[in-house]
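Next up: the structures, one after another.
Consider the two complexes below, in which chain A is the common component and chain B and chain C are the respective partners.
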Partner chain A sequence: MLATISSATVLGVEGRPVTVEVHVSSGLPAFTIVGLPDTACREARDRVRAALLSTGLPWPTRRITVNLAPSGVRKVGSGLDLAIAVALLVAQEEVEPAAAAGVGFLGELGLDGALRAVPAMVSLVEALDGAVAVVPAAAAAEARLVAGHEVRPVTHLREVASALMGEEGWPTPPTPPPAPPPPPEPDLADVRGQPVARLALEVAAAGHHHLLMVGPPGSGKTMLARRLPGLLPPLCREHALEATRIHSAAGLPLRADTLLWRPPLRAPHHGASPVSIIGGGTAVMRPGEVSLAHRGVLFLDEMGEFAPQVLDTLRQPLEEGEVRVTRAKATATYPARFLLAGAMNPCPCGEGSVPGACSCSDAARARYRRRLSGPLLDRFDLRVEVLRPEVDDLLRGEPGESSTRVAERVAAARERARHRGVWANAELGAAALDECAPLSDGAALVVEQALRSGRLSARGLQRVRRVALTLADLWGCDGALGSDQVSLALSLRADPVGLSRG
Partner chain B sequence: MSRQRLDLGAAGEAAAARWYTDHGYEVVATNWRCRQGELDLVVRKGRVLVFCEVKTRSSDAFGVPAEAVTREKRERIRRLAAAYLEDAPFRAREVRFDVASVLDGQIEVIEAAF
Partner chain C sequence: MGEALPPEAHGAALCTLPGMGPARLVAVARAWPDLAEAWGRVLDGRIADEPTVAAALGRSARDLRGRGRPQARRIEPGEVLDRHRSAGGVSASRGAAYPEALAGDVEPPVVLFHRGRPDVLAGPRVAVVGTRDCTGYGRQLARRLGRDLAVAGVRVVSGLALGIDGAAHEGALRVEGGGPPVAVVGSGLDVVYPRAHGALWAQVEETGVVLSEAPLGAAPERWRFPSRNRVVAALADVVVVVESPRRGGSLHTVDAALERDVPVLAVPGPVTSPTSAGCNQLLADAVAGVARDAGDVLSLLGLSQAAVARGGADPRPSPTPDQAAVLDAFGWQPAVLEQLAVRTALGLGTVAEALHALEAAGWVAASGGWYERVARPDR
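Take a look at the complex of A and B:
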């Protein structure tokens, strides 16, 4: 007696379809699971048995072999429990094979037969073969985010069994109350003064240029960075699905009724380990902060306090937009295309940007700056100094321009980038850059001076041109890049406190 | 072991032997002993030799009888069978291991159980 039921497992953040085959034959009573199950998956044996027995369903005292196909893919976690239980019912001829055809089953079973949610529900449902997905009611909202499947939420194995046996229909759970609206994102209007930092934020958002802010404590670096996601345009459906999938795989709470439409902000503490940043883990692979910030902002506050090897793990995702995590048992690729915003003090005491105020020794200052390796520093298209706001600005200043106004300009600039065939200007290749952003005569002169004086390297030149193009987009200028755009781009890539001199 | 339990086991073994003779087997040995232990039942049909482990229970409160045949027990029976074959008066072409599960007078034989 053979039964085949479809289900799914997850590898990294990608779902993979799994066919659960159950064979019940004569022989000594035994229950074996083959097909590369991990520990949690192998323990399905005991959960499924207890769940069937306590639900009053028959358990075959014969030789049971469960095969999870394809056998080359590692099966992770407890999400296959329900599929194994249903396959056992079919193999015992309690359920007609036709009743379970075209239906995918997902969920963990409790010993009493209750159904529990598992992480990565979005990816799992996407991977399911068949048009109907039977899922734990607790994860039904997440499962419904995926288009193209009819979702059947259930709370107990008994409901599944009686629906499949045709005794009762599928349960119709009460529709959950609509989720409360998300808390408003912090507004740029709260920031007084800071014209340079505001411009840098706007350029970073418009062109997806990575941004480093250097300044003394209390100058508002953190406040500024937290306003960066609010300037970014909402995600398109494809990107929203990517971000939702990652958050679902990490088991983070999602808004019940909708995809992650707003770019996420992740701000890991500077004590973070390399694994927590790039992802991985020994038993269960989990996406790291760089992936949770996919299509959003990764904000590293106190960047000088991060361990240097943690910062250097950022280089691959910054370059390739994804991380490949390789462990003895599996390799996973996580998307990681984020906007990096860094903030740091100019030196350990924090006062290095005020002449004469710094109390650090030269050696301490040099050590602090060496934390940021040259290649990493080079990835920042925008490097600005943030000073404490003027007293007048704080007390009597007008509220700054609101996030909504800036976001409109950012959206318009992104639209222009889209006409060039890229998502944002930071993605433009060298050839495309030559074609759509030639230098005007004046701009060429500015660039030549910078190159001759050694302030600009050949690679830096490309980055400056991209930033200048973003500025032109924000100002609505067409044609060759002007000298004013290039000079401003150069000054936004300044080296305010001699970071690269180490 | 109490008298009662020994009787239960003997009754089960007798029931199993009856089942095999009913199905055209010839009983070769019952309770064959050597230093390593005991084989419950050895039967043959043509040149197929069957070693049968008989498990008897009066109720299934602790699971069905066949579940009590653990891996250690299966390995012991294999060793015993090898010892038996060394002394056997004939050559078997095929050897099979069965488990007879006797529950409350009902007998169920799992052929080629391991």
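Take a look at the complex of A and C:
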């Protein structure tokens, strides 16, 4: 009277295999679930009972014990419902144990026996033991994104039962309609003028350098930042799977038939709480915005309006590429390697870029400045002032270079970085930097002047050299870094007026 | 024992009373020139008996009669004097060691605290004042004016504020053995404000003197600054406004100077620049004379211009053709990299390189991402 069925649960964004063991024995009728189930999982008892009865399948009026092994891993959500129901059928000898061997079951049951989709299907299917995965039809497309499993989409418990009993075959899924093509990404050609901001976007994309844009309202900071993902090269399969897994775990809608090949763009509102940015939560651990932006762009518009403690939580993921969220009940590690793009006004009135045009008091400016801590500001390799475009550019200017052409240069620059053994220049260590980006005599002189004038710190120097190397990559220059590249890199890392004075 | 104390003891004790600012203290001192007597009246609660004093004190008069009395009784003038003497020094308008420059003033500070060497006040003094939110043009000019005046042995008087004030003293301090700097601050002498000028403050104390009407521990409250500006004007033989918007503290200094018949000079600025609007208005109203350089100031003082070193060719290295093109592309307003690139039709890299070289050579000043031309080579 013992049955063993394989299924899976999710921890953070990682799937974990779970074995559902059901033991039915004589005794007073009772139903117990052991093995660290959370509330949703414990309530499976009522859902499974109702689903079996309304499907016309038997429910044993005996003592039932369900064990979710390994017992030490916390099981969350309702994804184990189907596996528990099938295990009960096996334990009552309605289904041959052999029929269910090598098959993993995932999905939530409705009281009428209908199967419902659960989040994190990608990670769950990856973690399944066995070659066949029985999943709710609504999540079949997501489950198919993982190679290596035969996916059996089903809509009702009855279909599962009759297939396992050998009465009917597995239902043949209708071929899904071809997905509509993705909406076109905004094109850089829409941006008129703004040569420095355009260059900064290109450099940010090519070298994975974090970018801060400071400028008055209406200067096009948001417009520019939204065009940044379109310049990034498409994700490789491994990275696409990482990103897809996180989006699936967060329950975000995925495109039906394909992985997340394009780098995602996340733009949380400035009212965001620390937990929504970093991830966590009390009942269910959820990845935060930094993880949803993994391998893509995290765009913080109106950065000065974010709570300072929210901004400072970004420092650890920026440094380490992942976040470790620790709560009383669970600990999870989420990947979070994102390109940070920030936009803000120079001061509360917004006009402080132009010297003398600002109407804010010193105190108001100082308060605004304190929103961005020094260590966070230091992590931006690129800090540029964005001015309102010239009227002539807006009315008569030529459309700018298109995203496609810029993306080609970016891809070529990334290729050169790959030959150095890194994914992008921002990842280069100090030793590697000395080896592959020596300074020419002229460049050394520029650097020396900047260091002596106190405008550049030792740490800033490494960042400026990485940016200069990215510029050389974009321009196709080899050898030592020239003084023009280093000068331009220095200019692209200016202390924005509003943030430096005082 | 109260009789043995010098007047500055009671003056210092009076100004530690709550609500007792420089202007009220002047009113008190006018009513009772003997500060010991004034202090005695505070203890008795009779300080506001005189109508002029009551009017000056306003609502504080009632406080001083009531709650203020027990508070005043706890203040020991002798102890206050010792504390301020050990922190630097103190003088009262009728006491010994009071600066001669202020003795004849229409509204002399009743007590004056100092740190550094008060004897440096003897000699020609020029106030260099201006806005805190200055442009690179103003900063550069203030620095140069400070330097050139110090070379001629003039004491540069200023307020140690951000912007023009600080730049003038920075310039003066660059000259070794030049005119010592004089600063008048609005806070207590142990409250360094603005904090960013801590190092500058210490240097001024070392080579010159820092003065204040506020007792130790007094915060830099807004109402203290207009009276501070009055002291700056009173100390100066000439007031030079380097850069000032249409309204601002520098114009208080100008008003105070005009009341005292102290000549005022203003540095003209671009008519489109809001930070020079105040200066240009002073010139247009013919209230102020023109200050183009230290020579204009010195000739007003009747000092020789020969002391100002201006011999020889410009020591700055002359610009290369690319750098000259960038330098020519500047207007009278600050510009950013991309504006210069558009105007010169040169690449961003070339312009950035030229700008760094021009800045290192001293042709261009940078602030954040903005650049300003501060000089052009002679043709």
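In this text, the second predicted complex is superposed on the first by the 498 of 502 C-alpha atoms of A that agree within 3 Å, B and C clash if a C-alpha of one lies under 4 Å from a C-alpha of the other, contacts with A are read in each partner's own complex, and residues count from 1 in each chain.
Here, contacts are C-beta pairs under 8 Å (C-beta built on N, C-alpha and C of every residue); 3 or more make two chains touch, one makes a residue touch a chain.
Since we're looking at a predicted model, the values are computed, not measured.
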(Q) Which partner chains sit in contact with A:148 here, chain B, chain C, both or neither? Use first/second/both/neither. (A) neither
**Q.** chain B or chain C, by number of chain A residues touched
**A.** C
Q. Is A:28 contacted by the first partner chain B, the second partner chain C, both or neither?
A. first
Q: Could you tell me if A:61 is touching chain B, chain C, both of them or neither one (first, second, both, neither)?
A: first
**Q.** Contact residues of chain A, present in both the chain B and the chain C interface
**A.** none
Q. Considering the complex alone, what residue numbers of chain C touch chain A?
A. 132-133, 135-136, 162, 194, 196, 245, 273-275, 334, 336-339, 341-342, 347-350, 352-353, 355-357, 359-360, 367-370
**Q.** Interfacial residue positions of chain B with respect to chain A in the complex
**A.** 63-64, 66-67, 69, 74, 99, 110-114
Q: Write out the stretch or stretches of chain A touching chain C in their complex.
A: 194-197, 199, 353-358, 362, 384-385, 387, 390, 446, 449-450, 453, 471, 475, 482-485, 487-488, 490-491, 494-502
Q. Considering the complex alone, what residue numbers of chain A touch chain B?
A. 26-29, 61
